[in-house]
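Before any comments, here is the structure.
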Amino acid sequence: MTDEKCRVLEHVDVGGGYRRLVLNAPNIVSNVEAGQFVHVRVPGLDESSLRRPFSVFNAQDDRLFLLYKEVGRGTRVLGLVKEGDEVMVLGPLGHGFPLECKGAALLVGGGYGVAPLYLLARSLLARNVGPVKLFAGGRSQADLLAIDAFRELGVEVFLATNDGSVGEKGLVTLPLDAEIAKLKGASQDFEIFACGPDPMLKAVAERALSANAKGWISMDRHMICGVGACYACIQKTVRGNSRCCIEGPVFAAGDLVWE
Amino acid sequence: MTDEKCRVLEHVDVGGGYRRLVLNAPNIVSNVEAGQFVHVRVPGLDESSLRRPFSVFNAQDDRLFLLYKEVGRGTRVLGLVKEGDEVMVLGPLGHGFPLECKGAALLVGGGYGVAPLYLLARSLLARNVGPVKLFAGGRSQADLLAIDAFRELGVEVFLATNDGSVGEKGLVTLPLDAEIAKLKGASQDFEIFACGPDPMLKAVAERALSANAKGWISMDRHMICGVGACYACIQKTVRGNSRCCIEGPVFAAGDLVWE
Amino acid sequence: MVDVSVNIGGLKMPTFLATASGTFGYGFEYVGAVDYSKLGAVTAKGIRMEMWPGNPMPRHAEVPGGLVNAIGLQGTGVEHFLDITVPWYRSCVPSVPLIANIWGDSIESYARVAEKMGSAVDALEMNVSCPNVKAGGHTFGQDPNVLFEVVSAVRKATKLPLFVKLAPNVPSITPYVKACEDGGADALSLINTIPAMVIDIEKRRPVLANISGGLSGRCVHPVAVKMVYEAKKVTCLPILAMGGVYDAKDAIELMLAGATAVAVGTSIFTDPGVISSVYDGVVDYCERHGFAAVRDLTGALENSFI
Amino acid sequence: MVDVSVNIGGLKMPTFLATASGTFGYGFEYVGAVDYSKLGAVTAKGIRMEMWPGNPMPRHAEVPGGLVNAIGLQGTGVEHFLDITVPWYRSCVPSVPLIANIWGDSIESYARVAEKMGSAVDALEMNVSCPNVKAGGHTFGQDPNVLFEVVSAVRKATKLPLFVKLAPNVPSITPYVKACEDGGADALSLINTIPAMVIDIEKRRPVLANISGGLSGRCVHPVAVKMVYEAKKVTCLPILAMGGVYDAKDAIELMLAGATAVAVGTSIFTDPGVISSVYDGVVDYCERHGFAAVRDLTGALENSFI
């Protein structure tokens, strides 16, 4: 883990309120694992503002890719950062996804929850694990991000939107349930990897547990330090109050205690 | 007095760390008198930062001219304001220079202390008062501001610099004393109008008093409210603790109590 | 139409929004820059019996998120206040009630200035954070027993609605609130500034001539919310809340925590328009959330937190 | 070469700079992001006898200029601390002294955890701002008599340098300082967080699950300077100062006000590099102003203000 001064290589609006931020971050890129995150000091926020955590979307050739949505003051101000600016990035942080997947890897993302799943897909495929399938859900078509990038990796993609603007109309658990049924019918092993809003994660975790499959759930919590020092980003688990930033953000589905 | 939303018409570096800011401010321009000031909410400072007061350099055709030096955080951040930006300007504020000048008007400015003297010169000349003479001092040539503008008004200009880079080498009181001696020798009336650093103001006030001439001294104090509400910008006077923002910034030389 | 009026300790305020003492002069200085129709009361700068010169300069220091001041209660004394200041205020601002903030250096001097005020103003607010000369510089407000005494003495001297402004630097507000209740106060003003100090490290001396001062501004807001919430739990006295109100959200937080009315203060220095924006924002909030009257916001947290 | 070492209440710190409890975990979490050679001590997160789960979520709210937190002292208990945490810290950070911050819910439990610490750590810091279950939620630190008792009890239980961390929300720090002196403390830690509260106006409930929390961050700095200055006037106990230290200027102000050493805290969250920048800036200041040792900054205001 280092606090790396990173130059902004690209910062573009990708529609729907989402942006892609590409940083030159050789130290972090050479160490990051799928599911880990970075903690960004947002230039333009006053100097005493807290950092903001972001999942790592991709890391390749010294370049760190973040995919984020404007959801508050921090991300709104981050949106003003321009190519050539310098940003302090602490990372890589937290425990990511395990890559010893047996059978099919079902990646489930809600909205910008797909962010950590792209590097995961790449990492799994690099280990010849799979097949890797993506289930992406969102309110509308604009909330389904980077789908083509997944397809280019050779990932089979299943989509669902609340408004039916693309894919199945409804929750992402619709296509997921169908696939689980198919795999179980064929007695095939699978593991589930998920990131997204809490209700989706809870639903996915329940499916993993009831299918007796491994489920890996990446939790999104407000953080202060990002390194395990402050104990602000707590998730209840079977081991008590765990820190999302260090015991997580990825937890085994069976370890999570939902409130 | 109004809090006027003003568009920036021009904002240029005039050398030596000084800048000219021109604002569209029809309300303030139509009411301002020489020696008054405006209280500026600096865009870019966080929203709870105090305003910064600036003398009015000129006011003409809806345009308000400020001449200022970067001396701290407020003026540094103000320097980032760009043409087309909007700035909240409270004014006009305070009591300016009286214009019933008998005899010669000796205007004495130190550094950006010339700022309120330009509108004063224009106002005096418009009343056919005079002659108007400017005595401008500074550390070096770069600290002598807007001299040509005064000359274009027909003001006779006397310069002094600490380093002798232009005008007399020494304090601005050198040419001032010579002029006072000349006027007294000729039994001519005069009044002195001054703005600049405290030691200069004190020296000028003493000269006015010992010459039995009227002296009008514009004090520069850190301010909070600018309108007489907070009592932070106190100058000791024969009437007790007076507020520079409302009893001042221009005081009669004989009223000031120097500490 | 949301009803914006409130009655706080017998003072009828046409709106819920006041100005905090020391931040709005004697009420008329901001004419031209402020929409007075949105104000429910003006609290004047502190007044004692006699003229008082205040502290030497410098009197203030800007700090990140706030302002440290030690103006030192400069004022012309109560006679000038009644003869000149109040009539001038009434002529400039005919429709906004005036709260006089009073102080003294002895219990007797508090009572005298309160009595002298008669009914020339609409309410009194006691500043009890100034030193009691008999108690070696301790403030009247830091000891609940002394606080009770000074409030009782002022209560006997005035029939006006009586506010007591309390300091936030206490372990628990409860004994102070009780002292105000027992002394006969009609309302509480919360909070005064937080004791603070700034040092010029190049000169190696305090920035303020008074050495230390009081911290106000945006950053004290969460401290004010806490104090109002704690006070409301132990008293039925209505609360006029102030402390870092820069926008409508800040004001609404204080009202939900238990305040009946809210004052803007240090924020006025940056933006006199804060009076309009806070007023408009609170009214808009009431409309959006179905509150027929601003007074219904007082203490209107979800049941479990009341 | 400026001598950066200080001795504070018997604790030899290789540098004048520490970390504040609760902001730096158990000292090893920031390895890789912090230059530990610039630290004179690490103060670990609060530890009591038994495991403690801390507060429910949410545990923090960002506010302008600061942070309100109610983590609630989550911790694994002293045995795990001594068996696992301290050895791991010593292996990761071999050369920086470790101060254990301790707390309890009774006077006896404070003494027990202090005794249990033995000499495994280099000093103890008492958090006296947690509730005394016997006193209905009042904190140990809010009553000078109780404070004296708990400090005395811990003093008897340990030979380690003993720091007591005091709360800033008091009318006068003097009786609390005296209680620490009389109880046998070796040093004071000033200041703890300021009680504060944030309300979500859309949900009409407190943001923190604990309802209220403690304010820290840049904005509390002038409050810390004032408290250190006031404490220094009445005690010879050395002071470890913390509260809003974001740059070297902030640290120097606290030392000029009377602190022997300074801790960074909330600022680390934004910038772990603050440890280097504060250290470097203080050393540079000493060089520029001709101070041979950082310890010479302590109370080094111009004569008239001492």
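The letters A, B, C and D name the chains in turn, as written, and every chain counts its residues from 1.
Note that in this section contacts are C-beta pairs under 8 Å (C-beta built on N, C-alpha and C of every residue); 3 or more make two chains touch, one makes a residue touch a chain.
Just so it is clear, the structure is predicted and the values come from calculations on it, not from any experiment.
**Q** From chain C, which chain is the farthest off, judged by mean CA positions?
**A** Farthest from chain C by mean C-alpha position: A.
**Q** Write down the pair of chains with the top C-beta contact pair count.
**A** C-D
**Q** Cα centroid separation between chain C and chain D, in whole Å?
**A** Comparing mean C-alpha positions, chain D is 33 Å from chain C.
**Q** Could you state the distance in Å from the CA-based centre of chain A to that of chain B?
**A** 59
**Q** Could you work out how far the Cα centre of chain B sits from that of chain C, in whole Å?
**A** 36
**Q** Which residue numbers or ranges of chain A touch two or more of the other chains?
**A** Within chain A, the residues that touch at least two other chains are 46, 48.
**Q** Residues touching two or more other chains, restricted to chain C: which are they?
**A** In chain C, the residues touching two or more other chains are 64-66, 218-219, 246.
**Q** For the complex, give me every residue of chain C touching chain B.
**A** Within the complex, chain C touches chain B at residues 22-25, 29-33, 45, 51, 53-54, 57-60, 62, 65-67, 69, 71, 74, 217-219, 246, 266-273.
**Q** Using the touch definition up top, name the residues of chain A that touch chain D in the complex.
**A** Interface residues on chain A, with respect to chain D: 1-3, 41, 46-51, 88, 90, 221-222, 224-225, 227-232, 234, 240-241, 246.
**Q** Taking the complex as given, what residues does chain D use to touch chain C?
**A** Residues 61, 63-66, 68, 138-139, 141-143, 167-172, 194-199, 201, 203-206, 211-212, 215, 218-223, 225-227, 229, 246, 249, 252-253, 256-257, 285, 300-302, 304-305.
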